[in-house]
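Have a look at these structures, which come just after this line.
Both of the next two complexes hold chain A, though its partner changes from chain B to chain C.
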Partner chain A sequence: MRLFWSFTRQSFHSSAIYRFDFWLQLFSVFLMMYSVFWIWTILYHQRPGAFGISLEQMITYGVLGMALDTIFHPGRGPQMYIAQQIRSGAIDTDLMKPLDFHLHMLARHFGETLFRFSTLALPSLIIGYLFLDLQLPAGWAQGLLFVISLLLGFMVLFSLNFLLGLLAVVTLDIRSITWAYNGIVRFFAGQMVPLWVFPGFIGALAAVLPFKSIFYIPLSIYIGRLSGSEAWQAIGFQLVWICVLIPLGRLAWGRIHSRLVVQGG
Partner chain B sequence: MISVRHLTKEFKRVKRKEGFLSGVRNLFSAEYTIKRAVDDISFEVREGEIVGYIGPNGAGKSTSIKMLSGILVPTSGHLEVNGIVPYKDRKANARQIGAVFGQKTQLWWDVPVIESLRLLKDIYKVSDRQYKRNLEIFNDLLELDTFCQTPVRQLSLGQRMRADLAAALQHDPKILFLDEPTIGVDIVAKEKLRTFIREINREFKVTVLLTTHDMWDIEKLCSRMLIIDHGQVIYDGSVEQIRDTYGGSRTLVVELEEEVADFSVPRAELVKSEGRKKWFRFNRLEASPSDLITQIGGRYPIVDLTVEEPEIEQLVRSIYQGQGRRTEVM
Partner chain C sequence: MDTLRIYLKLIGISMRSRLQYRADFVTGIISVIVLNAVNLTLIGILVNRFVHLNGWGLWEMVFLYSFWVMSHSLYSLLFWHFNTMEDHIVQGTFDQFLLRPIGTLVQFLGREIQYIGIGDVIVGATGLTLAYSHLHLDWGIYEYTWLVVSVLSGTLVETAIAWIISSLSFWTTRSMSAFFVMMRLNALTQQYPIDIFGTWFRVVVTGLIPVAFINYYPSLLLLGKTEQAGSWGWLGMMSPVVAVLLLGIALLVWNRALRRYSSTGS
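After this line comes the complex of A and B, so read on.
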């Protein structure tokens, strides 16, 4: 646990430097939240009642989804770090440390995420609450369930990203795959559009894939679409995937370590 | 301290495909080339030694250091670092070794040096007392306090290397791997680094395995030298001995007053000629530079002259060519 805290502290030190970058990111998040707000307002105006929930709920879903994108963007996970270290050969310095590699990546990524949450996601949420009709969760219980499912969503995303990062160790380059991966994750995670709006087959596929753990489940719990036993079921779904993905990642790492090629030097 | 027996590492490299979705196609690719980077190497390093581990680029130096630090798993052979097999117990091994890779840093690029040291303190579970004591030593010997509040990206290369040494040593490792620690560093900073390495070796009995292309690093630091090429040990012995046996050839460069036709001098060989400049190679044991200068100067007026010591790569090559594939074990 101390390790997680150390990495978090380090993230705060390293990221606090680029002030201009920070304001630019905050501005672009706000822009995205604003667009989502208008798109749903217009769609609801044209076809009221077509999306299964109220406009306020849908705006909350969309705006929250955009705000959480600052921490859950699939293009900013451990796979980018691993790929970069592999490309530059600096992965040596990571493996030199007396740390379990999987845990090391988790702690590092956890620190970065916590940093981005407090500096980007939280301000965006406040802006959304003040200006864009973002509503508070339906109640304390619902809010607590949301936080739990958000943490589990983090674990699912981390595990998927870690597996993709391992691919970088094998192929030495994942730039072309990353692009497709980011698209798939964001689509099936229900970040832009909730899964119940998806048509038949795609909806059924999205319902079994792990991606919905990242955005759809926490967001639906937040707006109260999933509550009570349904919410617990969804959290169970997240737990099952975590129990599959973590051992898979660790197993894959064990296999891959023996064929690791360190570039350069 | 370090024991390596019949160590071999082969790399299977995927032949890269190009173009659209190359990453995906590489996944299904079955074309490999096999490269033997380390080929049946054996050596021992005793506690407290500083061993120069040298050889030309691509000889297998870094690969063997990576195996000794548990990063790479050997294809075959046996290795042990202070009783631990690195690839079997990477974490335990990591706690007893320190490493500096001259080309890479283990420090965080954007944060002050001291913050990286604090994080490493937590990673290595260094006690507060040990941390403070070591920091004092580093301030003393590396003048760490003059730049420990500066982000790594703003450091000079010499400072960065000193910071990396501090990072590698703060958990009191028994063994230190230095992979080209003086590369790109200016002469004054190099001297500081060498003094520090000598100091920690003497004071704390840290065993050092050092790769370098700088002959002076070897001469000033190492008692013993291991030369490898094409993944094999081709020399293992003292530094003095290698100078006497193989490093005998030097080059005298003379610049004459005017351009003259090539000429020969007894006991020296004209190896290069460029306008008014001539390069003569001679053996230290057969001829002295003053003899040669007298002989040449007697014939043509000399404007300028220098005597060049053989470069490390040259030395390695001459050993390699002279010895064939025979391994000399002392």
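After this line comes the complex of A and C, so read on.
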């Protein structure tokens, strides 16, 4: 655990310099929460109670989704770090560390996520609560389940990002692939539009892919769309994917590590 | 004229150096198309399920979106690297543009061409064509001319805003977050008709950071929605005026920034 804290502390140190930057970031999160608030307000005005969900629940889903976007945006994460280290050739310093690479990436990314959660997501949630009708979870039990599924969602996203990062080792550059990747992940994760709105085939596809673990499951638990045994089933779904993705990532890293060529220096 | 010749020459060099990486070129363009397809699918699902969004039907939304992409494509081809100004300033590499005996701006702009813009051209043109036929539009020469004029104005509006923000980094050294705010505002006006976001938002994207002139106001005019927009409708004609005004402001800020510049020396 000390390892995880040290990366959080480091993030604080390196970001504390740019204060103006911080306010602008907070402002852009507010902008997204504000816009999603209006989109659902207008749509629900046209069709009240759509999909058996109240406007309050839908707004909470949307605003929470935008606030959590600050920590779960797939454009940030271990794949960016790996790609950067590969490009500059500095990846050898990571390999020399007396630390398992996969664990190192997890600790580093968890530290950064915790940092961004406390400095960006938390203030955004408070703003959302005060100004944009963001509601509290239905009860203590529901809140606890939400936190658990959020942590599991983090693990799923981390594992997917790690795999993408390994692609950077093979192809040397993933910058352009990441745009398509980000779009697809956010779409199937239900970051903006929840999965119950998806029609037929797309809905069925989204239901089995791992991406819904990232936003849809935690957010649905939070607003009470998934509760009781349904919530536990969803958490089980997340666990299954974690059990698939972590060994996959470690296995892939093992294979790539043995044939890694480092450029430059 | 000399400046233009030098610029074209520089762009030619950048293009050739970019084309060295064929694989990257292809994946980049495919990525852009996939990203836009995903965005449009999301909009499509929403509008389909709720029939319309504040009076905007599916294909009108596609038109709005594609119009923005079309304007953006030229910006992203030729001017996208205003984003990288802060790196040059932080790392002190901006000095190189001041040392050579050609215009600073020409050198900076000629440095790079972002081929990703070709993906935007494909997406924008396809979207506009599809929307045109689904909306049963029947344009004459006047509408087509206006389309071209307002697409180009949109490009200039986005370019001028990026230029101003990147000039500000001469004072603040950091401009990335300001670019993020602009990108967010851009993404919102691109994907949704701004009339759903309430008055103050509309005032901001009309008067303060006028990204609504990239696609929203010209689309009102071309889709015959100016009356629905009430007292805001006349702004549909104003894109070119806004573009010229903004470019003037950008030029002023840029000149001040250059005069202020002192190298970081690192």
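Quick notes on this structure:
Convention: the second predicted complex is superposed on the first by the 264 of 265 C-alpha atoms of A that agree within 3 Å, B and C clash if a C-alpha of one lies under 4 Å from a C-alpha of the other, contacts with A are read in each partner's own complex, and residues count from 1 in each chain.
One rule holds in what follows: contacts are C-beta pairs under 8 Å (C-beta built on N, C-alpha and C of every residue); 3 or more make two chains touch, one makes a residue touch a chain.
Note that the coordinates shown come from a computational prediction; the quantities given were computed from them, not determined experimentally.
Once chain A of one complex is fitted onto chain A of the other, the partner contacts of A:257 are limited to chain B, with no touch recorded for chain C. After overlaying the two complexes on the shared chain, residue contacts for A:243 are found with neither chain B nor chain C. Of the two partner chains placed by the overlay, neither chain B nor chain C lies in contact with A:208. Of the two partner chains placed by superposition, only chain C is touched by A:32; chain B is not. When the two complexes are overlaid on their common chain A, residue A:141 makes contact with neither chain B nor chain C. Look at A:93: by the touch rule set out above, it reaches chain B but stays clear of chain C. Of the two partner chains placed by superposition, chain B and chain C are both touched by A:173. In the superposed model, A:6 lies in contact with chain B only, and not with chain C. Shared interface residues of chain A, touching chain B in one complex and chain C in the other, are 173, 176-177.
The touching residues of chain A, counted against chain C in their complex, run 18, 20-21, 24-25, 27-28, 31-32, 34-35, 38-39, 42-43, 46-47, 50, 173, 176-180, 182-184, 186-187, 192-193, 197-199, 202.
Here chain C touches chain A in the complex through residues 24, 27-28, 30-32, 34-35, 38-39, 41-42, 45-46, 48-54, 116, 172, 174, 176-178, 180-181, 184-185, 188, 192, 196-198, 201, going by the rule given at the top.
Those residues of chain A that touch chain B in the complex are listed here as 2-3, 6-7, 9-10, 13-15, 17, 88-93, 95-100, 167, 170-171, 173-177, 257-262, 264-265.
Listing the residues of chain B that touch chain A in their complex gives 11-14, 21-24, 26-27, 62, 66, 69-73, 90-92, 94-95, 97, 99, 101, 103-106, 108-112, 115-116, 118-119, 122-124, 151, 179.
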